[in-house]
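Next come two complexes, and both contain chain A; in the first it sits with chain B, in the second with chain C.
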Partner chain A sequence: MNNLLDLLISTLTQGLVYALLSYGVYITYKILDFPDLTVDGSFPLGAAVTAVMMTSGFNAWLTLPASLLAGALAGLITGIIHVRFKVRDLLAGIITMTALFSINLQIAGSNLIVDRNTATIFTSPVVEKILGSTSLITRKLVVSLIIVLLAKVVLDLYFKTKSGLLLRAVGDNSVLVTSLAKDKGTVKIIGLVISNALVALSGSIVCHEQRAFSSTMGTGQVVFGLATVIIGATLFQKFDIIKGTTAALIGSIAYKAVMQLAISLGLPANLLKLITAVLFLAILIFGNYQKKNAGRIIQKGSSHA
Partner chain B sequence: MKKILAVLTAATLILTAAGCAGQDKTKKIGISQFGEHASLDNCREGFLQGLQDAGLKENEDYTVSYQNAGFDTAIATQIAQNFSANNVDLMCAIATPSATAAYAAAEDKDIPVIFTAITDPVEAKLDSGNVTGTSDKLPVEAQLELIRTMQPDAETIGILYTTSEPNSVSAIAEYEQKAPDYGFTIEALGVTSQSEVTLALDSLIAKDVDCFSNLTDNNVVGVLSSVLEKTNEANIPVYGSEVEQVKIGCVAAAGIDYFKLGQQTGQMAAKILKGEAKASDMDYETISEYSIYINSDSAAELGIDVPAAIADKAIEAADA
Partner chain C sequence: MLELRNITKIYNPGTITEMCLFDSFDLVVGDGEFLSIVGSNGSGKTSLLNIICGSIPIEQGEVLIGGDNIAKMQDYKRYNKIGRVYQNPAMGTCPHLTILENMSLADNKGKTFGLTSGINKSRRKFYQEQLAILGLGLENKLDIKVGLLSGGQRQALALIMSTLTPIEFLILDEHTAALDPNTAEIIMQLTDKVVKEKKLTAMMVTHNLRYAAEYGNRLIMMNSGEIVLDRAGQDKLETSIDELLQLFNKISIECGN
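Right, the complex of A and B next:
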């Protein structure tokens, strides 16, 4: 039964590591109603910064704030392009994402590998001291769990602050924000900064986990993020108390679990994505069916999905 | 949600139970291939042949579980973790992203990883540790010599490549370094995605290159047919880097045979499975042999007379 346990741990870890990206997409897509394509660039950006720092001998933990900062900068750029230069939201993201592809290659040189002798956040002395002789996959699980929960708590607290409430107001009712004499553009920029910082952090941790940066690792991450946010929201629409961040977290884990299930079932390799798409469709239909059964009326009117 | 979890758990339990039922002596091999494309498929088939060449029998001595990631690094990661969780005795990784993922997933249990179709194992940090395999480095000098013999008057060689593919970048460096020895200058043009290949191609054709040399660049190889359509129209020969490219219309190639490369890898894997050697003690191998492939149809179409020196030793790759 060890096999199963290992598989569950690994899959859970994947879900957690990518959940940070889902938080980011949750902020832009669900809260700001901003389809932000910067993600495909800011995710590998975090990995590029991390890989370069690791290979040049920086402490593994320093890569986390550095990636956060780099991602924040990427979000800032998209924000400024959109808000100050009045470029449409999709296009603003595309511009930054495209630029980041080159920038990432400039930062990392080319695809970059961190060798096994370099300590990652999972094998750093601190972690070894605390977790002792546990297996590496357990350490990966524990460390990513702590980071992801920490990020969640901080985010949830932030949403309750004045700035956080304004952020949520911009997406729902931007007129209200203006009537409060607040600049909704600035609020949007703040949202993009936080979102992309989280996405880059996710990229950084994936880089620690894989010991590798590849310039194409960002491709399709936006789609992944959107899928997880929507799956999470669908699964939990009956439960009003569940926070958006929790839903995104579960969405991410569910996505990775479905992928792993498809792999484990030994489904024909070329059909993997098609089967995944069918499974997701099933989840979404199941969710809608549940909603109808409960006889609930969608009150929020124009749902984003 | 509980229902879904229950279904997931049940499904995994059944799978694991099925996995446990195998005999103890049979070794489990997990093959993780980055995506489906002719050269990589040849590698895999060669690998399986190599195991049999070494006297191992499928289902008796070993079982194979094959997965491909559809060129998605995140899936490659999950495939490798699946193999690790199922305690395979050996992971075979085809192409660099799958190899990095396999090596990362194998770190914990120290499962031996054997790779193939990696140009530069040193660059990929796969040259030490419980990992070994074969490299598919291009025989650049042989290719330059081939082009010189086929086109004695040619001066410039155009090369299209993807800037984010390390294999291509290192090949370009070698081309630029060695081209002057054969009296060539290289006009290399980098692209970042497949959609830019055609644009870059137009730009190189406009520069009047005498011929093109094609690498094993995934992006460019993916649209090679349409590249050939244009170059044929412009009457510029394209040289390939392996047999599959010559089959679809490149004039000639000095290239390695991916099936043979896989075969060599399979034989190395057999040594590890039999306990004769450890991956950590084995150096990675480069295929030293290369073959000259030729497509007479393409050559005739472009009006190139194939010199006897080449025609004699070349393998015909055009459809019979």
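Right, the complex of A and C next:
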């Protein structure tokens, strides 16, 4: 029984930690309409920065802003490649992602393990003081939950600012942004910066959680992010009041839960990516099917126009 | 005042399909003029608007607004002084944002889009007043998404949005062409009302000769990058649709259209 509870808590924690990545993909894919593959590189970038700082004796909490900054820089580079050098969105992301693979290894030196005695954000003195008597997995859950909700509140507030409104406008209709005398390229770059900062933050927390950085940990993260955003959007299509960030958060938890279930049922780990692909495809088809039905209703409703 | 001086525009320069549209083209549009531009396809009407707005580059010449040459200025910067309504009603609004959010965006044109609240609640009343000019009841639908509006409603909203802040020029790029005849008529009357009420200088490209004859206080007809007819003031008032149609047909036959 206790084991089952532990499993539930750790699955939920996984969903939360990766939700930060989902927020990032939500910004690029849903808001900017930009399929950003930088994610596969900026996620391990956050982990690499974190692992190096931890092994060099920095305070665990300092790794979070450092990762945010590193991710922001990665987004900035993709943005500049796309906007200023007019390279197609997919290719711009691929270029940065490829470069980051080497850069991540340069930063970390090699795959890194963080020593058991080094305090992570989950075992830092502050957390120990507040949550002292609780088990490590509960602490992981609480700390992740706080960070993810904090990020969500900040993002939701940002989307309501003038800058946030302009960001939403540029993905919706970039011509209008030009008509407003604003450079749509700059707005896109801002979106990419915020997105990849969040993705790297997610990578950083995963590094805290696993006490490790591996150069291949980014593989498939963009697919994960897209899948969670689309799961969230599909689940809550009919509920206008559910915020995009909430949908992405729940999508991330749902995804990790399905994966955990598959593993618990005895699915060989080698097949995980195959299951990911099948799940992703199923969601896309289901989403299209729903959209088609919704489209019919809208057409009927506005036929007088 | 807008001045185009000695404009040269060549499409596909240096290739086998090279085509010189404008060769030392000049045009002056005075303050308060409402200029209608007609002409067959390929006569250079839309290119003219695109040159003014910086959507396409030119080989030579000057574009002056209030005496400042903006020929080298990036497109988005020019829109500080220019408002534009497009042929496609989807171009002037954001479908996934509400009317209120769209109006707020338009209201902030020319200012910084910083970290203050995107929607200023105290402006709600002002937006409602502005939308009431349209007489379409949009003032009661501030919180619905623009994507749910009809093409005509969206175009009307786009018109109000493009003229919400003070601009020097209003560019109307066949803005009634995608609408049904009734809606087109309504939008055209609204345009006239807005231009008069806000005392705007406007340039309107249209394929509807009747609109060109009825609305505005100056009319030009273009053909192959040249102005073949230019009527203003009393002359413009006396120009009939029949006369326009005759000239239009004559040119079209000469061109083999």
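One rule holds in what follows: the second predicted complex is superposed on the first by the 266 of 305 C-alpha atoms of A that agree within 3 Å, B and C clash if a C-alpha of one lies under 4 Å from a C-alpha of the other, contacts with A are read in each partner's own complex, and residues count from 1 in each chain.
Please note the rule applied: a contact is a pair of C-beta atoms (placed from the backbone, for glycine too) under 8 Å apart; a residue touches a chain by one contact, two chains touch by 3 or more.
Small disclaimer: the values here were computed from a predicted structure and weren't measured.
Contacts of A:288 after superposition on the shared chain: neither chain B nor chain C is touched.
By the touch criterion stated above, A:134 is placed in contact with neither chain B nor chain C.
Judged by the touch definition given at the top, the superposed model places A:178 against chain C, while chain B stays out of reach. In the superposition on chain A, A:168 makes contact with chain C only, while chain B stays out of contact range. Legend: residue contacts after superposition of the two complexes on their common chain; A:106 is shown touching neither chain B nor chain C. Ranking chain B and chain C by residues of chain A touched puts B first.
By the document's definition of touching, of the two partners only chain B reaches A:214; chain C does not. On chain A, the patch touched by chain B and the patch touched by chain C do not overlap at any residue. Chain contact summary for the complex, chain A toward chain C: residues 158, 160-166, 168-169, 172-173, 175-184, 298, 302, 304-305. Listing the residues of chain B that touch chain A in their complex gives 1, 4, 8, 11-13, 15-16, 19-20, 33, 36, 65-70, 72-75, 77-79, 81-82, 84-87, 96-97, 100-101, 103-105, 107-108, 123-126, 129, 163-164, 166, 169, 192. Those residues of chain A lying in contact with chain B across their complex are 1-4, 6-8, 10-11, 14, 18, 101-102, 105, 110-111, 113-116, 135-137, 209-212, 214-217, 220, 224, 235-236, 250, 254, 256-257, 259-261, 263-266, 269-270, 272-273, 283.
For chain C in complex with chain A, the touching residues are 74-80, 83-84, 86, 90-97, 101, 104-106, 108-110, 112-119, 148-153, 162.
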